[in-house]
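So, here's a batch of structures to check.
In the two complexes below, subunit A is the common chain; its partner is subunit B in one and subunit C in the other.
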Partner chain A sequence: MDAFLQHLVNGLVLGGTYALLGIGLTLIFGLMNLVNFAHGELYTLGAYATFAAVALGGWNFFVAVAAAIVVGAVAGALCERVLLAPLRDESIDTTMLVMIGLWIALQNAELLGWGGVAKSIPHPFPTAPLTLGPVGIAPLRVFVVLTALALIGLSWLLIQKTRLGTAMRATFQDRETAALMGVKIGRIHTATFAFGSALAAAAGALLGPIFLAYPSMGDLASLKAFSVVILGGLGNLAGATLGGVLLGIAEELGAGYVSSGYRDAVGFVIIILVLLFRPSGLFARSQRIG
Partner chain B sequence: MRALAASLGALALLTLPFWLANPYHQHVVIMAGIFTILALSLNLLLGYTGQLSLGHAGFFGIGAYTAALLALSWEWPFWLTLPSAALTAGLAGLGIGRLALKVRGAYFVLVTISFAGVISLVSINWMELTNGPLGLPGVPPAELPWLSLRTKRAYYYLVLLGAALTYLVCQRVVRSRLGRAFLALRENEALAESVGVDPTRTLVAAAVLSAAMAGLAGGLYAHYTRFVSPEVFLFSYTVTMVIMVVAGGKGTLAGPVVGAVLFTALPEALREAMAWQWQMLAYGVLLVLLVFFLPRGIVPALRIHRVRAPALPAPSFLGEVSEGASTAPSERKMLTITDLSVAFGGVAALAGVSFAVRPGTITSLIGPNGAGKTTAFNAITGYLRPRRGRVSWGDVALTGRRPCEVARRGIVRTFQKTSVFPALTVRDNVLVGLHLRGRAGVLPILLARRAVREEEARLAAEAESIMAGVGLGHRRHETASALPYGEQRLVELAVALAAQPRLLLLDEPGAGMTGGEKERLIELIRRLRDGGMTVLLVEHDMRLVMGISDTVIVLNHGRVIAEGPPAAIQAHPDVIRAYLGAAARA
Partner chain C sequence: MQKRWLAMLLVGLIVGALTAPGLAQAPIKIGVIEPLSGPVAASGNYIRMGAEIARDWINARGGVGGRKVELVIEDNKSDPKEAASAAEKLIVRDKVPAIMGAWGSSMTLAAMPKLEEYGVPMVVETSSAASITKRGNPWIFRISPPSEMEALGLEQYVDKLGVKQADFLAVNTDWGRGSVTAFGDMLKKKGAAVGAAEFMEQAATDMNAQITKIKSTNGDTLFLTTAVEQITLVLKQGQEQRLTRKVITTGGSSSPSQLIKQAGAAAEGTYHIVFFMPWFPEAMPDAKLARAFVDEWAKRGHPFEGLTEGFRGHDGIATIAEAIKVAGKDEPKAIQSALWKVSLTGVNGPIKFEKDGPAGKESGQSKPSIFIVQIKDGKVALPDFMAKK
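Up next is the complex of A and B:
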């Protein structure tokens, strides 16, 4: 039972960051109709940006995490303007190929820039775990899960309460009508991609210090983000949040009770099963985008 | 000229190992052959059916492991392990195809990635079977009872044979009825179904063939490198295949071959100059650049357009109708619709509609916009599952059947929005319409049986007579999307007529036609009826409707408000209030 609680807590920490990845991807997928295979690379970027700022620049850890998020947003906006805006009327296959190309290019650029050796990101938290009854949790993980929750809350506010969020929801529902109502679709796309990328970079900046930063870390992140999106339903923010937490917990339980070698199979199996039996996601009834 | 180039090419391929003395160069050529098979295999799915599989390394790896395990554990001879590799991968393709092809596009991509991911994890973790990450060393070399293929030179010929066979299989398939069905599904799935193409069966056939080819490549790879490890599942293999297909030209036969040779030779040539990370970086950038600057690939860009004979003057439009379209009176059946109800969310699009269409008549379904006319078409032909009610054709229930099954019973519909196979020629559009008139299966097509060739000749002749019948003969080699609007509507009609319907459902066939064109359309529909066809028509043009209909049914707010001969409908007070009143005053 104690082990079960421990798995649950660890799963929650992972799940919070998976939710960040998933929310970003579900917005991009749902609103831009773009299968963003480069999503994980923004996650990698977030981790390396934090590493560069803290280990090389000597910045404060918290400032570095914030900076990594900004870097993610800027990189996302740039990608959208340069690569995706000219292809807006192309088919989903075409843009998908571009994103596969970007994924390979970015990953190998990172490999060339940083080398293949994994980097550990220094952080200011004590390593001794806090114990809450039978469960132990490292202070860094507490920080990660709280920050993730705060960012999820902020995303929700942005989507539900701001003018930009309203325009995004309108575009998701009906692009043509939104455009007729004066929504600048081009800008919404840029904003969405930048926002989703910022969330992915945030997930990388948060998980990087727990694990390590290495060039191919984004591959699994992308797949997990896709599992979360599929679990939660396309463009479904609440679904992505719940899906992220569920995936984190399922992985921890799978690794704990089945075999740690198959930890990453959990996401794959979820993709296959959900697509085959509930293609609109587990939480299809809940409101889409928010 | 072409024949000369082909024989020179064949000669070069056959003598290649004697030109290349360096074993390393021979190695590169062998790998190019294996990748040619892989690229051809991926192209069958990506290029022809339009479905991108990012799990192809999975099929390749299954083939490699099958060959290695059978040779190592059971000591099967090479001539058995190689076909087994293809067979096992083909079976995996059958399983994945049946599951994954319920979804399309991006979702199909994700299921295939996940499949390859799971298989790769199994190969790492199932120590007893696969020896885990250490892999299986010492796979025996290729030996036949009377021939050793141990040397690179001998193996080159084996791979060449494999690649040639794969190419031949692809060529036969894509030029057959099956290949046209692939293209039709890629271009316009709804239209393909309306003339009887079964999407699931067709796409699964493509997945099985494609997976088996990838498995063959895996088997060849295993006996060549003589070592198989979980690295065979590496995603970079799949990416390499995608780049080869996209760069060479997807949906062409030569494209994947060109792409595979180029992208095996190029990295090897650059090996001295750049580290492989740089190469992978270059691959990524190249893929982006290709999409921007050469989206259709190298082969289509190089293709020289043959100069065609000047177009003949257009024959009289809607001239003759194919005699094949007539129906014997004994086959005439009544379409009966009982209490049909369809709801979208809370809105009832059809609320208990009942009517019958008498055989050999022209019946029109009219009503204001949103009355439920197109919804009725969709429910009758299987595109929509009604919430309640029955549709029957004679004594056979159609409710709950898929569109392709409905089409098989001789019921063919057209679409309100112009719907053709845009990238196919007019002739190929019509040939897809003739899908149900052929019956060639996968095996006879692969064996190029005489019956298949005769069937093709017969279908080609029928296509010619249908094109001539609707006045599109002079356009036969033009791409459908390049035709003007009115002629695209004719293509649509030709596709539907090619399917030889007994009941033809026309959804606003006159929309966008000029007065003269409409006159001829009326003429054509009359002639179809006189030939024995039953016609159900949705149309807004009252002059057209009242001019040709035997019966008019009026829908309003999802209910039938009147039914009768045109004269009675024109005088019907409810109809005048709901619909004609406004139109009459206009």
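Up next is the complex of A and C:
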């Protein structure tokens, strides 16, 4: 029973981090109809930016995380301006190929720039776990999960409650009409992509210190992000959050009670089941027609 | 104007071609397949650095039979599929007569059928899975110890380490799975109990589930088999979950110096099976060579923590170069027969191949030296039971 509670807590914490990975991706997909294969590389960028600021620049950890998020947003805005803006009327396949290219280019640039040796990001939290009865959890992980939840909440507010959010939703529902209403379409595209990228960088900045920073770290992150988005339904923010938590708990219990060798398989079996029986995601309110 | 430039260029090229050393003086190519990118890229790059030291030392001494040695290095991206295509590329396109590789057991196993298909020998510098030399591939010559040999090397210390009940956490590859079997069998023979055997994917970063499961057993020792990146994560996450076990890492890819840097206090007290002790070069079989290698590594500005991996590259290339010298020509079949005759001392110690695997199709297996070190007070030390000898 003690082990079960610990597994559950581990799963929740892991799920929180998966959710953070998923929301940036689902946002860009849902609003821009763009499959962002470079999502994992922006995650890597966030981790390395934090490493550079804390370990090399000697910055305060929290300032470094904030700076990494800004770096992610700027990098996202640049990507959109340079690569995606000229392709705005192209099909989803074309932009997908461009993003795959960007993914490979960025990952190799990271390998060239930082070398293959993993970097450990220093953080100010004590390593001794916070214990509650039989269950222990590292303070850093508590911070990460709370920050992740705060970021998810802020994203929802931004999209639902602000003028910018309204303009975003309007643009991606009907570009022509939005333009007629005075929305600056180009800027909205850039802002959306920058926002999604900032969330990916935030995930990298927060998870980098828990794990290690290395050039190929984005691959696993991308894989998990896509899994979460499929579970939650494409473009569904609340779905991605719940999907992340669900995947985290499923993997953790699968590893704990089935076999740790098949840990990732448990997650993918669930995804296959979801695709078979609820193809638009576990948390889709209604089936879209047409 | 343009034409004159072109003419001069042509003349230059022809003169260059005429004065260049003849075909007999062309460099000897040696293929190298290592994971230079992907999750275990650090290890692969250290081996490349060690191989380059061996190459430069050989060339500084005048090469092999008067010809310079040239390395043709391919990246297997930590991926077995890539290892097979890298072997094919090296053999078919670069026409290398011998290969060193391919770090991970799964990568080596994937490359092996290509060696048999084209008849090119490969010196295996890192891989530990028993199956590599048991499959009946006569083109395989291994200088790293298989897990069974490592387990035998540890056997004499089991009582001193106080191992009564052991759990295993290993990477989910041929190496990890083979290691769990080998050490488990050895421990059972010694009368120790074997508890949980847990696995993790090579790229996995969160091992909390496995650690929680291991925590619920009554074991006193955790055998950890994976590369240094995952060892770092397991130690850190074990510390977060207050896993209090003796930890022994196997496979020699733990890089204790890197663990001290990246896992900090979480690495304190852990034991590591290594095949090179750059902290105490004087304790190595060939102290002079070991010292020279450590000095050269530092002179090139390579990170110290890479030495426990880098020496493999040196020893592998030194072995192949020695075989080419014995063979007298850089021809695959001749190198294969010469490998059976080589006897040299590498950074690890004596290298000499003995037959292993099904009769008639044996692979070569050398008997490398095995050492145990411990992280004590943030430094690498010989464990008490070894220092008191």
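Please note the rule applied: the second predicted complex is superposed on the first by the 276 of 290 C-alpha atoms of A that agree within 3 Å, B and C clash if a C-alpha of one lies under 4 Å from a C-alpha of the other, contacts with A are read in each partner's own complex, and residues count from 1 in each chain.
In this text, contacts are C-beta pairs under 8 Å (C-beta built on N, C-alpha and C of every residue); 3 or more make two chains touch, one makes a residue touch a chain.
Just so we're clear, the structure is a prediction, and the values are computed from it rather than from any experiment.
Overlay on subunit A: subunit B and subunit C clash in the combined arrangement. When the two structures are aligned on the shared chain, A:L83 is found in touch with subunit B, with no touch to subunit C. Once chain A of one complex is fitted onto chain A of the other, the partner contacts of A:G136 are limited to subunit C, with no touch recorded for subunit B. With both structures placed on the common chain, the touch criterion links A:L112 to subunit B but leaves subunit C unconnected. In the superposition on chain A, contact of A:D219 is made with both subunit B and subunit C. In the superposition on chain A, A:V35 contacts subunit B only, with no contact to subunit C. Looking at the shared chain after the overlay, A:M181 reaches neither subunit B nor subunit C.
In the superposed model, A:D2 lies in contact with subunit C only, and not with subunit B.
When the shared chain is aligned, subunit B and subunit C each come close enough to touch A:D264.
In the superposition on chain A, contact is made by A:S120 with subunit C only, not with subunit B. Clashing C-alpha atoms between subunit C and subunit B turn up only in stretch 79-87, chosen from 7-15, 43-51 or 79-87, once the structures are aligned on chain A. Across the two superposed structures, the residue set of subunit A contacted by subunit B and also by subunit C is 108, 111, 219, 259, 261, 264.
Contact residues of subunit B toward subunit A in the complex are 50, 52, 99-100, 102-103, 105-107, 109-111, 113-115, 117-118, 121, 124-125, 235, 239, 242, 246, 275, 277-278, 280-281, 283-288, 290-292, 295.
Residues 29, 35, 83, 86-87, 92-94, 96-98, 100-109, 111-112, 219, 223, 226, 230, 259, 261-262, 264-265, 267-269, 271-272, 275-276, 279 of subunit A are the ones that touch subunit B when the two sit in their complex. Residues of subunit C touching subunit A in their complex: 36-39, 41-42, 44-45, 172, 198-201, 203-206, 208-210, 212-213, 215-216, 229, 232-233, 236, 239-242, 258, 261-266, 303, 306. Remark: subunit A residues 2-3, 6-7, 10-11, 13-14, 108, 111, 115-118, 120, 127, 129, 136-138, 141, 211-212, 214-217, 219-220, 251-256, 259-261, 263-264 touch subunit C in the complex.
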